[in-house]
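Two complexes come next, and they have one chain in common, chain A, joined by chain B in the first and chain C in the second.
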Partner chain A sequence: MTSNSRLPLIIGVAVLAILPFVVGNAYLQHMLVLWAIYALLALSLNMIVGYLGELTFGHAAFFGIGAYTSAILSMNYGMPVWLGPFAAAIVAGFFGAVIGYVALRIVGPQFAILTLGFGSILYTITNYWVDLTRGPMGISGIPPFSLPGLDIDFTRADRMYYVALIALLLVAYGCHALMSSRTGRAFIAVRENAPLAASTGIDVFHTKLLGFTIATALAGVGGALYGHYLRVITPDLMNLQYVAALIIMVIVGGKGTIIGPIIGAGIYVALLEALRVVGSLRLVVFAALLTLCVIFLPGGLVSLWRRYAGRGAAGGAA
Partner chain B sequence: MTAPLLAVEGLTRRFGGLVAVSDVNLTLAQGEILGLIGPNGAGKTTVFNMLGGTFPPSAGRIRFAGTDVTGWPSHRMAQLGLTRTFQITSLFPTLSVLENVRAASYRRAKARWAGAFLRTAAWKQDEAEIGRRAEEILDFVALGHRRDMAAQALPYGEQRKLEIAVALGADPTLLLLDEPAAGMNPDEGAKLVQMIRAIRDRGVSVLLVEHHMKVVMGVCDRLVVLDHGVKIAEGAPQDVASHPEVIRVYLGREKVGA
Partner chain C sequence: MDFIVFGQQIINGLVNGMGYVLIATGLTLVFGVLRIVNFAHGEFYMLGAFLTYYALTLFGVDYLVSALLATVAVAALGIGANKFFFRPLRREHEFTILLSSLGLSLLIANGAEEIFGADPKYVMSPYADEAMELGPFVVTEQRIIVFVAAAVVMAGVYWFIRYTRMGKMMQATAQNPEGAALTGINTDFVHGYTFALACGLAALAGALVGPTAMLFPTVGAWAVLKGFIVVVMGGLGSVTGALLGGLLLGVVESLGGGYISLGFKDAIGYAIIIAVLLWRPQGLFSVSRSSR
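Moving on to the complex of A and B:
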């Protein structure tokens, strides 16, 4: 990365860092927290949709597993809350690895349908395993996020924002690093042409399994942050509605890029709020947005900028 | 004589009741360009696919670089240095020309994700080396001027060159070329002959499956001729061309050494 391209990045991060002071309003700060968590989740889905080139309808299940893992371990087993995201990553990643091991034997639309099935199985288990998850009532009174030895009230959105923002920036940087390593290039090679990737020495199945596992583990992190922030979770987290929301963020923002899903999450949160007056009609608006994007802007909103800047090939490790 | 780079013994492949390839033996020495020819349906592509790891043989053994690789999948073959190309143009379509070659460097690259995350010196060195090698390979196939173009936007002839560049990016010791001259005009064919020779001069041995007789006769050190899944002749191109059996099944329909 040249210093030339680093400057807008530094400015962007600085703006994000002071944003809670700029907006002042507690409700808007709350929207910022949701944006940061959704952006992290969108980045995790982007790893599957954008880098591996597979569509999954099961992603919200791993988000839910992360939220439940962290909530249950911290409430019933006395685990310090700051460990929650890590525990959530391990448990969600474990489920991701097991499901991926089975489902990734097939690719394309059949894989997407399989993930839909696994997603509903996990949703159903969460909904009915009342002893563990309290069933459809959900879990309330989840402890807020905390850090050892620091007395910070993370129930406040302007504080929690920084936790979510740091997690988001770490994940974004992690994605950037991944895509500039041989592992990330293998993801792209497998997406572009699996037989050719294999002919250059890439183990296609294990590459996809690795990407799927990382993505599901990151979804778990997002779930843990979400649960400790909202402090109430229900099995609805694993609903198809969340999957659809994440897919919209990734596709509208721009799949296969890092900035795209982050912007997509911002648009989603903003539109959700702006369209509150029209009620459930906003789902129609989202559906229309997604459809228009797929038809007219397959590279998402970031491709507009690329087109404008006249850069060559789309895709790649951007 | 040292052990051959590739040694195939009793290679057989059945598809249901059909014996597509029957008891084929062949060897390929280090630095050799071996041509595998035969009329349509002779079993060339089946042999090629078994060597490339697309499917395992029904019987027989394949030894490569001193290792028994019989039935290995294609990525393990490639990790050992045996890289195949595809009959139908096969690239990473949306990536740029340079990224196509970089994406093929998996086998050579050492630094992993953690190195990239921490921006270690080893990672930087590795990335610089991959970039240098990719540029060098692009210059080698005369595509240096196209480096930032998307692969799918290249004209056909240049896509075929890029395929060879991608294969070389995987740093093979043996390159299996599946009909690289398909769809090329005579002029492009002549350039391909030069390129295959230059590939051998880089220290890469070549096994070539090809229909284009001018290319085969021009570049191969030795030919193996298949007909109906059986090896019917083997030897230097001129000897094979005058072999009565070969003339009968194959070359009789086409002027030898055209």
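Moving on to the complex of A and C:
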């Protein structure tokens, strides 16, 4: 990364860091927390959709697994809450590795259907294993996030925002580092042309499995943060509705980029709030937005900026 | 084991399965001819059921006429859907097309919830409560209508694809779109026609199966899942596979729900897809298709 592209990044992070003070309003701060968590989740889905080039309909199940893991371990087994996201990553990543090991042998639409099947089974189990998950009633009274030795009240949105923001920035940096590495380039090679990638010595299956496992582990982290923030979780977290929301964020923002899903999550949260007056009609708006982007703007909103900047720089590298 | 209960489960399974067959046939046709995995297929089922409901309750049209009207109306809608959501993407990656169908599905499902309201509806078919006794077994007339109508429609679809000019054009387009276009087939027209036919079949399924349960605008997600399971079992693109797969799923679900657990009834279907996709990704009933 060159020094002149680092400046906007530093400014961007600085703006994000002071945002809760700027907005001042507890409700808007709550929206900011949701944005940061959704952005983290969208980045995790982007790993599969944007970098591996496969569509998955099962991603919300791993989000749910993360939320349940952290909630159950901290409530029933006395695990310190700050360990929750790590435990969630391990458990969700484990499920992701097992399911990926089975499902990634198949590509294209069949893979999407297969992940839908796995997601639905995990949902059904969560819904019916009442002894562990309390079934459709969900788990309430989840302890808020806490850090050892520090007396910070993370039920307040302006505090929790920094936890979520730091997690988001770490994940975003991790994605950037990964995609600049040999492994990341292997992801892209597999996405663009799997047989050609295989002929250059890339192990296509294990490359995909690695990406899928990382993505599902990150979804688990998002789930843990979400659970400890909202403090109530139900099996509905694993619904297709959440998958659709995450897909909308990734596609509208711009798949295969790091800033795209983060912007997409911002647009989603902002529209959710701005369109509150029209009630459930906003879901129609989201669907229309997704469809319009798929048909007219396949690169997402990020590609608009790139198109514009590319023209400004007279065909400079986009 | 109680023979009567067992037989009743099998009959219920076959009747439910015939509904699945109707849903899956359109899905498999669209995949075979257009190469589209249409996530929005279930929404046309939902529209078929709702249009039947409105024709029946608001305008007092006879139930069977309502069902036909709904089928035709949804088929016409299908032409438009194909034109706006799939035709512009004909040359795009399957990934993009699947996303477009997801968008269409969300659009119709959420739009329907706006227009029809989220409260459950009940299609008052005059046949829904009339029980018929077949020896020791009991079946409602509605379910018999589903079974018979689906059987007739399936025979019709099979005959249509096999023997009519349009059906042969569909087969040609499915096998090799470029080759078909070279022989003078208007593949664009064939695509639109197939899509409309598939939507009509989904709507007919909704109109017939709708009265056997409460109707919600979200029923499309259920329908498309069942359709996917059947199509994966039978092999994507195979009409005979859809018939056998649908009946098998119906029976397996009915027995599983009766003897294992009603709650996990839906999970049985997903377990089937996973097993089939891993063990025989080409489908249970397809005989060694040419390898891709």
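The rule is simple: the second predicted complex is superposed on the first by the 310 of 318 C-alpha atoms of A that agree within 3 Å, B and C clash if a C-alpha of one lies under 4 Å from a C-alpha of the other, contacts with A are read in each partner's own complex, and residues count from 1 in each chain.
FYI, a contact is a pair of C-beta atoms (placed from the backbone, for glycine too) under 8 Å apart; a residue touches a chain by one contact, two chains touch by 3 or more.
Note that the structure is predicted; figures quoted are calculated from it, not measured.
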Which superposed partner A:L7 touches (first chain B, second chain C, both, neither): neither
First (chain B), second (chain C), both or neither touched by A:A287: second
First, second, both or neither for A:G117, with chain B first and chain C second: second
Touched partner set for A:L55, first chain B, second chain C, both or neither: second
First (chain B), second (chain C), both or neither touched by A:I202: first
Partner chain(s) touched by A:P298 [first = chain B, second = chain C, both, neither]: second
First (chain B), second (chain C), both or neither touched by A:V130: neither
Chain C contact footprint on chain A (complex, rising order): 53-55, 102, 105-106, 108-110, 112-114, 116-118, 120-121, 124-125, 127-128, 240, 244, 247, 251, 280-281, 283-284, 286-288, 290-291, 294-295, 298
Chain C residues touching chain A - in the complex, by the definition given at the top: 37, 85, 88-89, 92, 94-96, 98-100, 102-104, 106-107, 110-111, 113-114, 118, 221, 225, 228-229, 232, 236, 263-264, 266-267, 270-271, 273-274, 277-278, 281
Touch list for chain A against partner chain B, complex: 173-174, 177-178, 180-186, 188-189, 192-193, 195-204, 312-317
Residue numbers on chain B that touch chain A, as the complex places them: 52-53, 73-76, 78-79, 83-86, 90-96, 99, 102-107, 109-113, 115-117, 123, 127, 148-150, 166-167, 169-170
